[in-house]
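Below is one structure. I have some questions about it.
A, B, C and D are the chain letters, set down in written order, and residue numbers restart from 1 in every chain.
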Amino acid sequence: MTDDLYALQRRLAEFAAARDWQPYHTPKNLAAALSVEASELLEVFQWLTPEESARVMEDADLAGRVEDEVADVLAYLLQFCGVLGVDPLRALAAKIGRNEQRFPRPHPQG
Amino acid sequence: MTDDLYALQRRLAEFAAARDWQPYHTPKNLAAALSVEASELLEVFQWLTPEESARVMEDADLAGRVEDEVADVLAYLLQFCGVLGVDPLRALAAKIGRNEQRFPRPHPQG
Amino acid sequence: MTDDLYALQRRLAEFAAARDWQPYHTPKNLAAALSVEASELLEVFQWLTPEESARVMEDADLAGRVEDEVADVLAYLLQFCGVLGVDPLRALAAKIGRNEQRFPRPHPQG
Amino acid sequence: MTDDLYALQRRLAEFAAARDWQPYHTPKNLAAALSVEASELLEVFQWLTPEESARVMEDADLAGRVEDEVADVLAYLLQFCGVLGVDPLRALAAKIGRNEQRFPRPHPQG
């Protein structure tokens, strides 16, 4: 299945290896590239009002840019995690668990 | 299963809804938060040499910071995609397909 | 006079030299640090409405954070320019001149 | 003199006012734009080794991109400071003073 996170991570690693890009893919460079792509996503929104930002997918050009930058952010995050052996889903599951402790629900269910 | 991307995305949405955080979670604000977290990940590496950056997981403190920031980046990416109805895995699969066209393998297999 | 841009740039260079920080101050590292500090400034604003963001200096704590991050951004910009021999005021004056050509006034004065 | 920081800041404010851009120039939007431009500067360096990054001005194309992004970063910093009434030189002078207390010289002169 093409839509599995780890399968996509393997395709990205094979893609980079086939083009001899690994020397460039240090953790530092990939962290820089990730932050550059996250800023390119922010750039789409920088002059929009909050209301305009909520309707961004109604504009085909903006929607395409958003999807493209989301893909780039996820691609560099997966490549970063790949070179360092970090499991992003496990890291997030652990963080959500910690946050559920730190920020208890304000209105417990009766 | 806790390690499924879409299950984590639903947990994040429920977490925010239970705390009435949705008014803050405009696409613009989430894109800003995503870029801030990506910069916090870069901050771990900013003064390291390429070689030091490759060994960052050998230091327990740095490893913990890296995992924490990876979780934050992924959390905001999933929340951003959630409010806009973007599927991050589908977006990445489409992008990898386009890149395989744009950057053909330099050494085709015989 | 302490408030001259080039004098501040020289103080920053002397400060770094006195602490043997020059090996860390590659253009790449300083560009990363500049982007990290710019994100820390953005962090102050990430959950604020446009209206709240306009009143940020009325809150002493937020005002202090803003001034501190402005100082950090300018410090890394000046150090970056220093190591590469770029004059930031000259670069900006040239850019403004180009922009005045690119974006002519919409309503010329009669 | 065109190369005075405050004179450039006034030219930028007049430029924005003449084009009715002030509604877009909230502190939040300008902080976002500043961080986006700082990332564009980092993008020039993201795949370079430390040694390559030190020679970036020897390449006319890269040198032009660096000067252009430096100008953009400074432009948004000055506009941000302008709308909030922050004096960037004063903020930096204060910060350097605090840092000279926090990080004393390691080898006092005899």
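We adopt the following convention: contacts are C-beta pairs under 8 Å (C-beta built on N, C-alpha and C of every residue); 3 or more make two chains touch, one makes a residue touch a chain.
None of these values were measured; they are calculated from a predicted model.
Relative orientation of chain A with respect to chain B corresponds to a rotation of 180°, obtained by superposing CA atoms and rounded to a multiple of 5. Here the spacing of chain C and chain D, counted between their Cα centres, is 3 Å. Separation between the centroids of chain A and chain C, computed from CA atoms only, is 27 Å. Shared contact sites, meaning residues of chain C that touch two or more other chains, fall at 29, 32, 35, 38-39, 42, 45, 50.
In terms of which chains touch, the assembly is arranged so that all chains touch all other chains. Here chain D touches chain A in the complex through residues 24, 29, 32-33, 35-36, 38-40, 42-43, 45-47, going by the rule given at the top. Residues of chain A that touch chain B in their complex: 2-5, 8, 11-12, 15, 18-20, 26-29, 31-32, 34-35, 37-39, 41-42, 44-45, 48, 50, 53-54, 56-57, 66-68, 70-75, 77-78, 80-81, 83-96, 99-100, 103, 105-107. By the touch criterion stated above, chain D contacts chain B in their complex at residues 32, 35, 39, 49-50.
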